[in-house]
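The same chain A turns up in both complexes below, where it pairs with chain B and then with chain C.
Here is the complex of A and B:
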């Protein structure tokens, strides 16, 4: 201790202290965020955010979801759906809903990030629910692509198609294509189960597994189609259509040409 | 004999001549060339689909041989360590791993796989279109009935070749296809489970099926196809090619080019055109991206799981069949002495009935039509489809039936791409699969008859020129231009049989079969447009020329 106290006026003492302080806050933050995982941002909302969000909600959402977000005949209660739900639905343009129908459609996003955050803060304040995921858990580089692929084929491909090109559900509902969907929105969709999608809770698919799935989706999206144009990745139907229309069409053009000069 | 001894024996002078003569005197090539090279083939673009089928089959043999060098039909478990990242470390069968290796680690492998698969799709399509051409032009009539049957067998064999090949990569998509086959087999009462166990070597999926399908795919099926193609072509040469009616073309001649040299060159060139088109498609468009589907695992079924197009109609029939109607579930329990066996008609009806209807009608059609027409003559002149309205209508009805089931196989994609409800698509297609063929029959028969009537008009009164002329007294007429004699011949030289009424036999009675025949004959030939007779033609011509000439005179007068 003597050595330490002797050097407390050393010119570099301030620098060392600063470094130690930075290390401590960084370390605590890192520990806190891994411990909290998805809940990290719930606490980051301020009372101001909730206040602003409440106003935005009353102006834009309450006509269907009701004042206080308790729901109406037209729309469900939002108490307990969590910030992730708002971030997904509003952030992908599904809400406010374009029109009544089997399910909400994607359209241009109506609010900026700040407004979405404020509405998320308001809805999160109404009751505990899935929070907006942290950036670490979304990083596809940290995920295991082939493990994600297996999870995707077992859990997701029956609706979203093996190449994530989307598919039909009953009565006009559908599972959309996942191409171009951000990591955050993929994660939020899994934890909140928007539209007709089931909820894949952390007990069902752990956050690490979710990260693997995101890694798989981002890998197949970035690598493109190794065999040439993918014809929508829709499987044998588009291939059959292609050979009948384009393949046979070109062949017929040649047969007509080859026999045009005869007799 | 005496004259041949008098002529000088042929003595070749050049070196090439000597070699050629040496080979020829032992092989007899010149006689073959003389015979076959002078064979006349008529030209029409619709006659070339059989050729397309033949060429795609050759391409299939070539590309398939390449694939066999690297493919391993083993269902042993392995862990993938190849270069496709999203599957590395995944457990899979050796068959799937070797298919992935062909796609990613063997030079040119993916291209060859895609050439092979695209060729397979085009092969079956070409066979189907070729058969439709033969059907609608009546080329299956005497003496070509057996060749039609060989063609039908080739169609079924090509479906078998396609399906066995489709299953080989042992990916999730094809595994689900096999699962459906397994389900249909097990639906057959009593023997179903035994059949399935026999095919799969135990409970589905087992460890034997890929190897068995491989042997069928590369040995048995192509060998039988090759044999059938040989027979098919032999009969084509024997019968000579049929031709469309036209001036100078009769039932006893063939108008066209000889095989050598023009036709052989054209056909050889066409092979390379087909190969080129397929290579271009294979290079630019992916087909059956097995890496997307993942290894086979009986639990997942991904959205958009469909068979290749030629099996699609059976898949569609399965999709259309309601599982239950109200409380009626189509499932019966049959008590046998050894226990109760299930009869699941909601699987058996869609899986087997449409196929039985279509294939029975297809195989038997030449004899059905011969029975209706009571026609025992040879036919080397083709029908224009409009001139056989009922046959054409039945064909269109069959095509419609097929196409509705085909569409049903893509009901999910119709729903997502046209933003309609999947359930509604299914309901509509259920209605259409019954009503569609009936409507198609009526509409296409009317269209055929209307086209015949138009032909008659054109033959009698000439082509409408669209030139309107006003006569001095104010009347407007449209000038009709008479068609030339060649066209006239084509328009007027066809047969339009009359319905045959049942006549009493020797005992003075009309047999029941005769009555049925009379009814069917009426159904076939009651609605008809009589071909133009020479008398009608002569009468109309006099009329016509006078009118046009007169109109011109009057036109000249009025323009002054």
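Here is the complex of A and C:
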């Protein structure tokens, strides 16, 4: 310490001090910014997450998916399905599955966000698969609505209906309505292909295209129908039912009025 | 006029097992004429007059509402304006039409003269009428001499048979006949499979298991009759586990490593079959629920379609992109007369 204090008036002391200060602020800033990044990048899982997720998995999922998540007669293997698949299936309440049936039903979510993250970490650790998308790519404000509409009509509308109101498939299966589905879950459904939905990988529909589709869906969800009551946007079924019941009812009422005598 | 329709049944009714017949009913005649409120009370008449005028005024307001909506609601990019305009156009038209219609009916029912009229049935045609008609026809046949002059009869028959033929010949000008257009599509050996709608080519490696790609032939977006070509050439591309495919002899090399391409045009009436279930490998047509099994060359397992979906033979070119090895081997889409 004595040597140091003796040199404190050395001509280079100021330079050394300045360098040290710069290094310190830069280092702290770098540490702080990586900490922020780790918060936003939900795919950066720690070993603790995997550990906790493994316990949650063993307690809640392993009875069907098997202890190593390698699958059984009742449920598929989860090796390589990725964190996005867990986040979608558990985050929308489809898993744990309520009952056996044509497809998993949506129900109240059974786990909190932290637990879902931990289970996703565990399943992601089993094999490479689609990751949970980052917030930037999910922002509908950044997407091109009309391009998204075209992509939606080509790739999605045949099952999910041109107004995203959902539709029937074979033998009790169905494509659900997309109204109220969060941006993240729409994206994850596209990359993972839950239930009988085909996979729309990034090689097929790029992340930017997916953002366009999300922008389109959020736009029609906010705007509503340009004609007022959309009767569920189900097309000729609900519209036909309405006109046959209400329209014919009005015609019958008019006929009765036309043929009745004035008092 | 339900009240004035009590006619005489004019029939006898058998009662019981004795076969005794009741006498005919007496004709009850028409119910007495009952004047309407507006006929008796001048105030009611005045009120009805005002009601009719009010209904016509509603029609006028409806028409004005229509034009206010049409001209004075500037459409910006928001949907609220459009919704408001649609509402005003619809309500305006409805009021304009209903006001006139309801007003006229109300006018007729309350104010116009209220005579009751009966109209008796016609008598059934007597035999003499039939004989008169028969006589007229026979007279025509006799006087024209068509029975005695077979030359005239036969030439007339020939002329009458031939005369409609020019009309049929004119139908040719609705053509030309489609030729081979129903049997050929844009697909050919070496044509790349590209994404709909962007037209970017697809690498075999891009098609992961469980994927479904909606595919158009390369160059479709620049084609002269784009929609006509697209209506025939659209294809759905899927990748399955190669072990799940069951190709028939001669079609083993139509798929590439589990990647198969099938026409998207239903063989029933031509709806796009694109509802692909990636777990069951079923393709469902949304129009009439025809279901095709991709594992077994898209054979029909449910619904009204009569034939499997045509498969597009595919392979991979030097650069790793998926290409067609030929056109479809059979016409796509629903049956037609000359399909054979």
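Observations
Following the convention adopted for this analysis, the second predicted complex is superposed on the first by the 207 of 263 C-alpha atoms of A that agree within 3 Å, B and C clash if a C-alpha of one lies under 4 Å from a C-alpha of the other, contacts with A are read in each partner's own complex, and residues count from 1 in each chain.
The rule is simple: a residue touches a chain if its C-beta (ideal position, glycine included) is under 8 Å from a C-beta of that chain, and two chains touch if they have at least 3 such contacts.
The model shown is predicted, which means the values in this text are computed figures rather than measured ones.
In the three-chain model built by superposing on chain A, chain B clashes with chain C. Looking at the shared chain after the overlay, A:231 reaches chain B, while chain C stays out of its contact range. In the superposition on chain A, contact of A:196 is made with chain C only, not with chain B. The partner of chain A that touches more of its residues, comparing chain B with chain C, is B.
In the superposed model, A:150 lies in contact with both chain B and chain C.
In the superposition on chain A, A:204 makes contact with chain C only, not with chain B. With both structures placed on the common chain, the touch criterion links A:60 to neither chain B nor chain C. When the two structures are aligned on the shared chain, A:182 is found in touch with neither chain B nor chain C.
Contacts of A:216 after superposition: chain B is touched, whereas chain C is not reached. After overlaying the two complexes on the shared chain, residue contacts for A:167 are found with chain B and with chain C alike. Shared contact residues of chain A with chain B and chain C: 150, 154, 158-159, 167, 169-170, 175, 223, 225-228, 258-259, 262-263. Against chain B, in their complex, chain A makes its touches with residues 102, 145-150, 153-154, 157-163, 165-172, 174-175, 216, 219-220, 223, 225-231, 233-244, 246-248, 250-252, 254-256, 258-259, 262-263. Within the complex, the chain B residues that touch chain A are 42-49, 52, 84-90, 103-104, 110, 114, 118, 121-122, 125-126, 129, 172-173, 255-257, 266, 269-270, 273-274, 277-278, 281-289, 291-294, 297, 299-309, 312, 409-413, 415-416, 419-424. Touching chain A in their complex are the following residues of chain C: 2-3, 36-38, 79, 82-83, 86-87, 105, 109-110, 195-197, 202-203, 205-214, 238, 272, 274-280, 282, 284, 286, 289, 291, 302. Chain A meets chain C in the complex at residues 150-151, 154-155, 158-159, 167, 169-170, 173, 175, 193, 195-201, 203-204, 223-228, 257-259, 261-263.
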